[in-house]
Every structure is written in structure tokens, then in C-alpha cells.
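Next come two complexes built around chain A: one with chain B, the other with chain C.
Entry: the complex of A and B
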């Protein structure tokens, strides 16, 4: 495997580590979020069985460690699944199930779909790429970069042309990421744009999109800047991570290094509300500097 | 060279060897993405029929990537022993398969014939083999290597301790390493993938692993899997590295995408021999994996199995201590599901072994691939039966830094028990001294990382 780690992955890892270190304060944030939930009663009434095994505090299972305190020290130093003990040479049942739960969440977010009522809430209409189905989406990344003819027509007829800021949302590799973050990230992005006096065009949702779908959309609508909120490849730490890819005048032929990305947007990473505000700031700078990606000074 | 086959009531005509090689592959999403895969099952079989009747001479005389324009081809071409090639040049690929599988053909015979084969011939025969063929042929081949200790002997299954950490925290890596050692894992290498690709970071990690090895007198070798240039910088500033590491591609421009070429590898080879801390003579660790050339747009229309085999042809030049194919890391656009990953793992292991490489396999998958841990259990058992030199050990198979799943410390311990395999002899003796293992089985204290605190 290539040992050179892109900076966004590096940030992911640092954030994942921070998340772990800040676990108690995260719990507090989650509490606040729950209070703000429009239906607090239902949220409170729901049993959170799955959460207790996947988000619960890690406990060492070594029955008779040579140094008890040392074991705690080891566990605190890494998110790796250590101190897990064994039955024969196999891991204990709860540890196997915890692992499988994390994987299940990751799988479901790849194969899941975004609820249309969520999209309706923000007035997002839907277009599709030529992905066809999830299997083809995974095998043919090139198809996720092409909007169907019908979709192109819909974008042309429904969207304001040449907007200052074009917002696009896509499921990408995790529908779960959109479901978990859109309600927080989208309004705060809109607030941020308004605060900077920037105007947004007509937002929409792309089903089966890849990052480079930004380019053909750029060709159609010719925005000054475009931001794509898209689900990331899920990991076992979280399946809810979203990225915001931003580009100044995206067009066919735009190279990766022209894009600016904020990754790791989720409850335990960059909080979505903060991310929304920050995206607005980055877009403002792009418009001022008339560039994006490696040439943008943040 | 006959490029047509009559089958299913019609004639299938192929335009060149490249097309036959690609279409004779078992189904792989990467070949489909490249637009070179067989159209359907019948065309796939027709390509296999054509390939079966081609001679090894045909394959050598029709290079897929000419040595004049590609240095990987040059390295492979220059390594062919002409006398041995002359003995087999009129064999068909079908005959090569049957020779490898014959009861009268053992390790010594295969070792000799391998010197007359190029990487394309090796790939060609793999395309005609079933999964069990690949297991059996590979199991005949014993490749032992020595860095600080010897691994690869028949009946030995070594493990790489891969105690990665998402922020390169030294205490965090140390914790995972203690856990690995307590399960008897780490005889292949203590190998860490750093997040930060800087010489200082590499040096700090090498120094830490070396200190732990010295303190507990652990008979193994250390390595940090940074870019080769970074490792060289670290070694020149005094970092204690037993081995150097690099990812390889099967074409010159694929390697260019990795930021390497043969000259740089030669330079690193000289450096590790002069400035490395390993005993040798085997001082390299290489990683490969089907699909990396396509991902770098450096595949030249050649299929991913053949390109993978060419990685091994290049690796062989440097007499590595360990090589492994990171089989399921690259993603579903190259290997879609568990069927494809399992096939690729067996192909890679066989093709490497046939080129006399000390093959390990990173039995692994990403979360957007149609595979799960049960599939990894299956592939690990198949590879253990095939005589794989080592596999990867990650805490509970979950690499919290690279964000993929591999095999666990538990898995290696389990394979050893169920398949009657042992750790590397020198390492097992150390495990016995530490009280972690007795008569090839883990003791009561195994699994307690605090024994190293």
C-alpha cells in the first residue's frame, strides 16, 4: 500500500484520536443536541442498545493482568482494540460482536439511501448519475461523475444559472452521512453565506455521485464557486462522516489539486454546525482570491 | 503464434497476446474498469483455450511492454537464465501447469525451472489454474529468508506485528505491539505504517521498536513503511532500520507514480547494506497489490494479474526478506467482492512463490467492498494451507490508522493451532523463555500485554 498519506486522511486520523480523547465532552455535546431535538420525547424513549455496544467505554478483559494499572494506561494510549483477551485463541464474544456491529453500520451506510423526506425538508430535488445501482456505482467510479441526460435537463430547467454559490448534496459512499449531518450542516452553511452577503443558487441532490460530478455541474450552471456535501467511505470508527468539496469555477478538466476539502464532518469529528459555518468562510475566500485548492490561502 | 480458438460452435479470434492474457483472467472488476476483460464467460474460456496452447517461447518473444521502453521489463528480461529457458521454450502453458502439479515435481525442480521463466509466463500459468491448483503448487515451494532470523520454513507461519496508531503516538504503538507480542506475533517483522512521512518521525518509531527489541531480546526485525526516500533520510541520520520498505508497481510509470525507479531502489539497497542494522542477506520488505497500475493510469492495457506478476519480477532483483500483496486494500473497483479477493490472494501468493519470493499476504478488505471478516477467515485458511510465509497481525483485525480490516493476532494464533503451524523457530524459543508459549501452544499468560511493562 502506498505509505504517503493524503493530508485529509491525516486530519481524519488526528480528529479520530481527538474524538477519543474528548469522549466525555462529546457525550455532553450529544446531550445538548438531544435537548435541541424537535421530538425530545421520542428520542428519550428510544432504547439505544446498539449504541451501548458500539459507543460504550472500552474495558480491558484480561482476567489477571501482571499489572492492572498498566493495562488502563495501555488502553488509554490507543483506539486500537487491545486488552480484549480470548477464549482459546479466539476473541471473546462481546468483542467479536462489537466489531461486527461497527462493520454492519459501515456496510449499511454504503448500501443505504437518503430518505426523501429529509431532502424535501430543504427543498432539494433529485438528479441521478449514470451509476445505475450500488454494485455498478462501486465498480465504475467514472459513471458516478456523469449526470443522466434527464438530470441535466432537470438542472437546466429548475436551477438559477450562473449563481455565486452553488450547493450540491450527494450520498457518495455513505447515505448515513447525509442523514446524520445535513440538518445541522446545511442551515449553518446558509446562515454563514447570508452573513457574508453571498447569494446561493438552487440547491439539489445527486444520487450516486462521485466528487468529480462537480465538474459537469459546473459546466451546466457556471457557478462562481460550488460546494459538494458528500458521504465519505465509511470506517469502523464512524460511518457518518461527510466531506465538503469546494471548487472555484469547476469545469470539465478540473484537477484534484484545484479542489479544497473539509473532511471528517460528523458528531465526533468536525461538528456539522461548525463545519457549515467554516465552509461559508472558505467559499468567501475563494471568491476573494479567485482560486481554490492548493493555490488558496486559508 | 495461434491467437484463435474454436469453441461453442464458433471461432474466437484475438488480436494479440495482451488481449488473450487479459481475457483469460478470472473475472475482476479492475479488468472491467480498464475495458479489457472478457465480454462473457464463453469468451473468457476461449481466451484460456488459446493461452493453454501458446508456448513459453511465444510469450517471451511477444513482450507486452518492451524492455526498450520499460525498465521493469528490462529487470525481468535480464534475470532469465538462457540455458533453463531453452529447456522449456517449446512447452505450452498447459504443459507448464501440469509440470508444476506433477507428483514428481518438487521444490528443487520448481526452483530450477523458475529461473527460466519470466513474469508473464508465471501470470499465464496462473490464469489456467484453479484455486486449489494455486494452493497445491504454491505449497510445494519453500522460500526461506534471513534478516535477523530465518522465516519461511515448511510448517512455519510467521506474523507481522502492525501496531499502527492514528497519530503516530509512540505509547499507542507500543501498547499495540505489547499486545501482539503477548499473542506470539511479530516474528516476520515489527512493521509500522506512519501517518507522518517525515525522517524524524520514521527515526523515532525505528528507535522505539529497536529499544523494545533490545530490552526484551526479541529475535525479529523492525521496519517503518514510509516512502523509501524518507527512510533513507532517516537511516542516514542514524535511525536503526533492519530493513527498508517500498511499494512496487509492475510498470515503470506505475513506479514513477510511487515516486521511485530502479536507480533509487539500487541506491537504497546499497544504503541498507552499509548502514542498516539487520544481519541480512535479505534486507527488503516490498508490498504490492493488483490494480495499483490502473489506479495510476500506468497499465498500458495490460491486465492486473500480469502486472502484479511483474511486480514480483522486479522485487526478485533485491532478494527481499518479505513481500506481501495487500490484496483487498485498493477497493471494489479493482476487486469487487470476496470471490475476487480470495482468487487474487491465491494468485498473488502463487505467482510470488513461483518467482522464489518469500510471500506473505495482507488478507484484507475495505468497508465499501462486498466482503466481511468471514471471507478473510476463509482466505487465511486457504493461504495457510498454501504455505504462506506470514500474514498481518492487527488488534482485532481493525487497523485504526489505515481504516481497513485485515487479520488479527487471534487469527494467526488460531491458524497455528488448527493447521499445526509454528512461529519462526528463533522466535518460538524466545516465546518459551518469556513463558508465552509451550510446546507450540499459547500459555495462560498469553494475551496479557502488561507482561512487557
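Entry: the complex of A and C
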């Protein structure tokens, strides 16, 4: 039996072997020419490659499709990976790279943080939950629902109590979602509150929050309605999706069916500016009907 | 048949009224060259977006609830329609259908064929508008007529299942209106001087009259037909076949529109380029006659006092002789136009809109259009320039007395964020106040889902006056006219777009 060799070492060995066999006699000179200045080549090529993978228009790779227009319609109807074609039994390299790129973006969103300058722009101060770190946040959703003692203190000291509308922003599972959408959703939401004559309390940001962090905040500040703008679990279609969870008088023990949600807020889904404008309408109805979630008639 | 559909509505499928599910009653009235008919339909409005998305409603079901008999269009003189008698027919039909004008939330009156050229066509529309309830009134040129007939005949649906285009040719007494649909969308319309009543005959085949609109074609082909002379069955048959061939060759792309006989048959411009057809259907009175037995002598041919039956069978024979194009069966024949008018004219705007319900309905609002490129939204100056020009042009085209003077159609906002919307609102508010000082209402129709945000941004800048109507997810173009109905459940605005897009600037009709 051969000893077990890690796959990458095996590949390296095969490649080295191949190179030796295929190299022409003047390989040495070519080698030096290449290695003398390898960085600019890579640097120049990389952004191009990255761009072609991430920003490229979605096109089918099916060679010679029987009905090109029909294939185009199918592609336009879904963000799913269809018409990707294959090479032998495997996917094409560019599709694999695109897939891994999207996957990496999703992971980055979970592990990323919201830039403090963005929060400053809207005057949001920050409190934390007991999530500790991202690993723990993923394993212990319950800890993302409890604000730290220090955070509670900060909320008490800085926020107006018993506001009509309390706005809270949280990174949730995608900091990227907040970065991508807050500048559109938040001011539009504030305008819609003004348009309906609703008054907002002191907004703030919760780091490491879960949806149900609404409940302890409801206990602390006792708002009439609370709206939480929170990053959604990223997927392979987008890592920038945000939700707006809204609740009439959230309290510890509020059940999930009492929450109203507008989800999938991003440039390719629910339009962010229009979502912000519509949140005011929903909140107005909650205040009129004194309820939210499944009991709310929209 | 009629009863059955009505029962389906009232007994089994009608759900309790809720915000999610609503039925509206719509009426269609077609006053044509030779016949007048009406239908009543029930349109189901239902939420089409998911529970977690922004609300969006659409018409999800269309039921034909009532159809009137076919009446002969009452004429007072040769070129004047008898409006009072039309109204009496409609009153009777409303009663038979069991509806009151006040219940009608949408619908269309369409004056088709040669009737549209009658002296009092406009007067009839106004009369019907006043008396028929709050439904929408539309007049039509041959393009809209062809489109409605195509939809009524189901050609748009059939084209969704076809790879290439599907055409419906609605052949009536005076004209043949062809509408071409590709993948469910209208690709264009063409009108021909082809119709059953263009040559009138007595029972023995004596020509009683030839419509002046057919003369150029007869001359181009070298046919001599004089009133008072007898025409042989063979000649009439040959003539109908030649007429059918010229029209169908043109639609099939087999004959250039420059062929002299084809050019003489065309009313207005041909479609350039003509889409490749996979199927065609023939509706209208002639479409219906295709199912009756083929006439074998001149007495049988002249049973309606014209060449209708002969033309129908010539068309049927000719339309089946193109190997690449299937002759399909239309969903409707003689009622295709009226059903299209009653069931297919209304669209529903997006449900996140900005408006004051008291301002609606508004009828016959002309459309000004701005297409915004993403780069333009970044620069206030170019945006302000564009809107300033648009407003001034609007003021000179439509005057500034009406409030609103026109609806501003805005497209290109797919990627618009908050900053872009604010910039746009600033530019609109400034230019509107300069061009229309003292105007009380501003109306906008956005292609993309931004109406609520844009409406709020505009209201903050306009203050108490002008008031803002901002709806979205409706496609309109310069030259269109729109009717905005009363909102249903406060948020859904029924909209009728009277598109003149295929007119190519020839003439502009309004209601």
C-alpha cells in the first residue's frame, strides 16, 4: 500500500513532473524573465478575473442552444444557477469560481463588521448582546437576544423612554446587508414617519443581535411600536439582504407570529428605498389597530 | 353558456371579500361599422406577491359574466350614429345583465372600424361616459382595436406557448386589423382594407356598392366592378382569394409592402420588419363565418348582402396554405374586440403608491416621458435641465390649465437609492412649480417600484399644493393617454393605458 499523500502535495508533484517534461530547452531564460517581475502580472490580471466572476452579466454557457431566446427568458426569471453547462462531468472553471466567490461573500458578511463611520452618519450609538464572538454567535442564538448589562445601561441613559416608534439597527447575520442598504432604507423610513406624523425615539445599533432582541429592548424602552432593521442570513444569490421586523409593544414573551416582516430588502429584491417608505405605512396601521403580526390587516 | 359562467362566479368560486381577494365588475362596449355589442366581465384582484414582500396586486382571473346579443349599429343617417338608440340598447342590456352603472369599476367603450370616423363619434363617447357609471371610456384607432381583438381572441396567450410570433387578424365589415404578439407581448399592428362589406351584393350577385377604400386595390389588380353590373361567382371568388393572398403574403413576409397590390390594401404603415409568424388566427365577423358552410353559388354567397361568406372561405383556404404558419382557432370570433375591451384594458398599479383618493378618477391624462440613465441621476444639473425642458414641452403641448396637465412617466429608476430619489424630487418640484405655478395636482407614473418613496419626497417639497399622485409599475410612453380609476382598497389603482405606440406619430386620438 502506498502511504497516504495529501492531495495538494500530490498535485504539486505532478505539476513539477509535467513542467520538467514539457519545458523547452530555453526554459531557463523564460523562467527568469517570468520570475523577475511576477507581481504586476498577477496584480493586473486579478481584478479583471474577479470582476468577470462577480459583476459579469449572467449568461448561459450552453453552446449552441436550441432556443437562445427561451434560455434567456429562463435566466431572467430566476437568480438560480441554471444554464451553467459543464466540461465532461464537471462544472466549468468560471462557474466554480463564481460559486466560490459568492460563497466567500456570504462568509465575509457573517464575519464582517459594520463600519463605525456609517453608524456615525446616522447618529447611531452601539450596544452589544452577550454573543461574545462570531463563532459563539452562530452556536448560541439565545445569547444574541440578550443585551449586555452595560448595553442596557447605555440604552437607559441615552434613549428617550416610551417613544411612539423605536428604530433599532442590527448586523444580525450580515454586516454587509447593513452597509449596502442602510443609506437607502433608513432615511426613507424617517421620511415616511414624518409623512404620517409619527415621532421616533432615539435610534441605536445592536452588535451581534438576533430578531428577538426586540423583546428586551421593548421591556427597557416601552415603545408603542418597534422596528428592527437587521441583516439576513446570507445566501449564494446575495449577501446583502436585509429584513425589517416590526412589532406592536414588543415584550419578553412576545411570540413570533406577533411580528410583521418585510424581507429580502436589497437592490435585486424588495427595493430598499420603497421598503423604507412602506415601513411607515405598516407602523401607522399597527398603531391604529393596536396589533401586529398575523392579526394585522394590511 | 352565459348562465354557467355567471353561476361559477356567484356560487362556487367567489371568496369572501377580503383585502387579499377582490372582484371588480368591468364592462366592454363595442360600437362597430355594422354591429354593436357589450359584455360584462368579472375581474379578480388578488395579491400576487409573497407575504414577506411589498404588497403587489394583479388581475388573476377574468370571467365572462354576460354577453349581449349582436345588435346592428343604429344609424340616424349615413354618417351619423344614433346615440339615443345605442343608449336604449345599453340600458336594456344592463338590466338583463343585472348590473347598475355605479357598480362598474372599470371597462371601456370602443368605437371601431368606420364608425370611428362618423361625425358624432366623440359625442357618443361623452354621452356614454356620463351615463354608464364611473367606468373608463376609451376611443380607438385601428391599432388599439387590433390589439384588443388580438387579446380577446387569445393570441397573446398563445404566443406565450410559441417560439415565434402569433398573429390574430380581426376581419370585420370594413377593415382587417392584424395584431402580432411575440412571447406574450404585442409586437405591432397592421391594418388592411379587407372586409366583408366592402363589396355589397344583391341576392342575384348584382353589385350594389363598392367601398371607395377598396378602389385603389381593384385598380391595381385590374378588376372592373361597377355598381349595377352583375358579377360572376367565379370573379367574386377569384377576387376574394386575391385579396386574402395579398394580405396574408404581407403578414407572412412573403410579399414586400411595395408590391403595388399590397400597398393598395394597406391602411397606414406595414410592420418593418415583419416578425416571423408561427401561427395565425382569424377573428371578427369573418372569422365566425369561416365555420358556416362554404357557398357554392352566388345566391348562397350573397346571403348577407355582401361578400362576407366568400371572403371568409377564401381566407380560410389561403391561410391554410402556408407550410410554416399554422391556422389556429381563436378563443373568440365576432366578440373578440368587445371581450378584449371589457376584460383586457385594465391594469393594476403597484400597491405601494402615494395619492389622495379624492383626486381620482382622472380620465384621458396625456403622458410626458423622461428616461433617466443612472449617470444622469448622479448629477443634479443635468437632471434639472432635463426636467425643465420636459415641463416646458409639456406646457406647450398640453397647456397649463388642467390639474394635472399631464402624467409624468419616469423610467430608469431600477438602481435608484435614497439620494437619487431626493435629487429627482428636487428637480421635479422646482421645474414643475416654475412651469405650472398655482397648479393643484401633480401626477407621476413610475416604471419601477418607487412610487411611495418618490411621492413622499415630492410632498415634502411641494407642501400643501400641488397635491401628489404617484403610482408605479405601469409602462407608458409619450403619446399614450391614461385613465386612472378610483383606488380599490385604498391602494390599488386601476389604470387603462390607451396606447398609440403603433401610430408612429400619424395621428393622435383622444377621448
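Keep this in mind: the second predicted complex is superposed on the first by the 224 of 298 C-alpha atoms of A that agree within 3 Å, B and C clash if a C-alpha of one lies under 4 Å from a C-alpha of the other, contacts with A are read in each partner's own complex, and residues count from 1 in each chain.
Keep in mind that, in the parts below, a contact is a pair of C-beta atoms (placed from the backbone, for glycine too) under 8 Å apart; a residue touches a chain by one contact, two chains touch by 3 or more.
What you are looking at is a predicted structure, and each value in this text was computed from that prediction instead of being measured.
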item: Chain B versus chain C as contact partner of A:106, first or second or both or neither; value: first
item: Chain B or chain C, by number of chain A residues touched; value: B
item: First (chain B), second (chain C), both or neither touched by A:138; value: first
item: First (chain B), second (chain C), both or neither touched by A:264; value: second
item: Which of chain B and chain C A:84 touches, first, second, both or neither; value: first
item: Which of chain B and chain C A:75 touches, first, second, both or neither; value: first
item: Touching partner for A:274 - first (chain B), second (chain C), both, neither; value: second
item: Which of chain B and chain C A:237 touches, first, second, both or neither; value: first
item: Touched partner set for A:67, first chain B, second chain C, both or neither; value: both
item: Set intersection of chain A contacts, chain C complex versus chain B complex; value: 67, 70, 73
item: Complex interface listing, chain A residues touching chain B; value: 1-5, 9-10, 12-14, 16-17, 62, 64-68, 70-71, 73-75, 77-86, 88-91, 95, 99-100, 102-103, 106-107, 110, 135, 138-142, 173, 233-237, 239
item: Partner chain A, residues of chain C touching it in the complex; value: 19, 52-55, 163, 183, 352, 415-419, 421, 448-453, 455-457, 459-460
item: Interfacial residue positions of chain B with respect to chain A in the complex; value: 29, 32-33, 163-167, 169, 171-176, 178-179, 183, 193-197, 225-227, 245, 247, 258-259, 287, 289, 292, 326, 329, 331-333, 336, 362, 366-370, 372-373, 394-398, 400-403, 405, 408, 410, 413-414, 416-417, 442, 445-451, 453
item: Touching residues on chain A, where the partner in the complex is chain C; value: 67, 69-70, 73, 183-185, 187-188, 191-192, 194-195, 261-264, 267, 270-278, 281, 297-298
